[in-house]
Amino acid sequence: MSLALDLFSIAAISAGVFFFLAGTVGLLRFPDALSRLHALTKADNLGLGLIVLGLLPRAESLLAALMLVAIWALVQLAGATAAQLIGRAVRRKGPAI
Amino acid sequence: MSSATLAGLVGAALVGLGLYGVIADPQPLRKILAFNLIGSGVFLVFGIVARKGAAAGLSADPVPQAMVITGIVVAFAASALAVALTLRLFEETGRATLRPDAGTKPPGDGAVAE
Amino acid sequence: MSVLQALDVGLALLVFAVAAWTVFAPGPFAATVGYVVYGLLLSLVWIRLFAVDVALTEAAIGSGVTGVLLIGAAARLRGAETTPAEEALTGLTRLFAAGLCLLVAAALAAVVLLLPDQGPTLAPQSMERLPETGLGNPVTAVLIAFRSFDTMLEKVVLVLGVVGVWSLAADRYWGGAPGEARAERPEPTLAFFAQMLAPIGILVGVHVFWVGADEPGGAFQGGAILAAMWMIVMMARLTEAPQASAFWLRLALIAGPAVFLAAGVAGAVVAGGFFAYPPGLAKPLILFIETFMTFTIAVTLPMLVAGPPRREPRR
Amino acid sequence: MSDFLLATAGAILFTVAVGLVRILGGPGDADRMMAAQLIGTGGIASLLLIAAATGARGVDDVALGLAILAAFASAAFVNSGAPAEEPDPNPADDR
């Protein structure tokens, strides 16, 4: 059972790292600010989400597990807001898209 | 090399970097940033002193830790005052420079002439 | 080299690189964002030094609240930052300054390397007297009990900071509210975010303050998170900054140090020493003082960020 | 297992560092704000991984604090007057 959980953790966390990597590749390759913003939000959503998912079985208590989920949800809220705010700033001042 | 020593070395490097910024950067806002770098470098050196004082089941001496916490808050208050001074200078003169002979613009919406 | 050591080295290099960016970045805004990134990385370093209380303070104040202060200032100073070339130092002076700084850094590094493995420590004394305070977190005990005079004076420094910032107001704005009155409508996204975040943030702030008695956390960290919530609500224009002349505001600014000082003087009468707590009553007294301190921090930090009054006072 | 967690924390910090090199340089201030956002998420992720690997106490609260303050830099950015965005040298329709 513990082996299965470890395998689950490893799979989910590796997938999370992949999305961080994908986000960075997007930042490096995309040509304009709005597409780069799109790449960035992938790291927020899926990258951190999958890592939290992988860490859940290792949480010491139910409360600690809930805390992890709460952290992820807060980052979601912050990431979505920041992306909106930055996107609107770009749109107001940058090239019309 | 332990992680504490490494952090102490980073702290030493930060003090050097920040000192250079304070001396070489003419813009006040960047001097404030550099000054904060010096501060956090000193805090890190303090951190290694705390870590080396690990004893009695604690992984770090609590006294330097408490002083660093106090220090962070005081550093913030100092930065806020410095930022307010810089912004006021900009409002008065239209420039943010520390040169004493820098040209002043006629008072606009500032309140010197009241 | 173990994985942990490799991680430490990587983290150290990253912190150094971002700090160097802050000093050498092409523009002031780039430098400021670099500093915000740097503050966040520092809290990772503090975790690695096993100083979780400091990491929490650094995350809340060093990165969060300072970030708002500096980014706001950098954006406002945008027009001012084309510095004339004559202000830049000449090459030779720069070289001399660099040499000097290198010398200082090298001396500090030598001191760090020469430190004995087991340094002098007050940890055993702290742990020995910890039960008398009724607390479980030695850092909180040092802050509020063992070195309480320091902490009280530090609150006074915060109040003096606000006095200093306010005294930079133009004469006609004296006693008014900070921040320009703006006609433009608030950013709706920001308003939604503030409405969502503020209740959660207030809960977390109180939680961090409350667990500070036994776990990492405390008045500074909890107060800073509460302060951030007031700041976001003001940034979203859901509420206006109060007038500097408001009586409740001035009372809130001095409540923390005043209660602290009163408890200290009472200690001299009741418990036989300035800032001594009567045995048995230590923990409730400490929590009582901390509650007021948290409140004062939560009010002081946003006032420091908001800057001097910029609106004419309403009567 | 803890070595795996630490290695992933290092990998995330590395990818974040590479991303920082790209966006701290701009071209616009909006890109630079993304740097603050990126390090926020990456920092929280590596913080959680390091905490799980080393078993340090109270790190959850630090991550929670960082998560609450994650959007503050961007909020200050849009709040402090009109952000002057330099025109992007590579507009989207170049592709």
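In this document, chain identifiers A, B, C and D correspond to the written order of the chains, with residue numbering beginning at 1 in each.
Simple rule for what comes next: a residue touches a chain if its C-beta (ideal position, glycine included) is under 8 Å from a C-beta of that chain, and two chains touch if they have at least 3 such contacts.
A quick note: this is a predicted structure, and the numbers were derived from the prediction, not measured.
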item	value
Top-ranked pair of chains - ranking by C-beta pairs in contact	B-C
Whole-Å gap separating subunit B and subunit D, where each centre is the average of the chain's CA atoms	22
Centroid distance [mean C-alpha coordinates] between subunit D and subunit A, Å	10
Separation of mean Cα positions, subunit B and subunit A [Å, integer]	32
CA centroid of subunit C to CA centroid of subunit D, Å	21
Contacts with two or more other chains, residues of subunit A listed in rising order	74, 77-78, 81, 85, 88
Subunit D: positions in contact with at least two other chains	33, 40, 64, 68, 71, 73, 75, 77-78, 83-84
Shared interface positions of subunit C, touching two or more other chains	4, 48, 50, 53, 65, 76, 187, 190, 193, 197, 200
Complete list of chain pairs which touch one another	A-C, A-D, B-C, C-D
Complex contact set, residues of subunit D against subunit A	1, 4-5, 8, 11-12, 15-16, 18-19, 22-23, 28, 30-31, 33-34, 37-38, 40-42, 44-45, 48-49, 52, 60, 63-64, 67-68, 70-71, 73-75, 77-78, 82-85, 87-88, 90-92, 94-95
Residues on subunit D engaged by subunit C in the complex (per definition of touch)	3, 6-7, 9-10, 13-14, 17, 20, 24-26, 29, 32-33, 35-36, 39-40, 43, 46-47, 50-51, 53-54, 56-59, 61-62, 64-66, 68-69, 71-73, 75-81, 83-84
Of subunit C, residues touching subunit D in the complex	2-4, 6-7, 10-11, 14, 17-18, 21, 25, 29-30, 33-34, 36-37, 40-41, 43-44, 47-48, 50, 52-53, 55-56, 59-60, 63-65, 67-68, 71-72, 75-76, 78, 187, 190, 193, 197, 200-201, 204, 207-208, 211, 215-217, 221, 225, 228, 231-232, 235-236
Complex interface listing, subunit A residues touching subunit D	6, 9-10, 13-14, 16-17, 20-21, 23-24, 27-28, 31-37, 40, 43-44, 47-48, 51-52, 55, 58, 64, 67-68, 70-71, 74-75, 77-79, 81-83, 85-86, 88-90, 92-95, 97
Residues of subunit C defined as touching subunit B within the complex	4-5, 8-9, 12, 15-16, 19-20, 22-23, 28, 31-32, 35, 38-39, 42, 45-46, 48-51, 53-54, 57-58, 61-62, 65-66, 69-70, 73-74, 76-77, 80-81, 83-84, 87-89, 94, 97-98, 100-102, 104-106, 108-109, 111-113, 115-124, 126-128, 138-139, 141-143, 146-147, 150-151, 154, 157-158, 160-161, 164-165, 168, 170-173, 218, 220, 297, 301, 304-305, 307-308
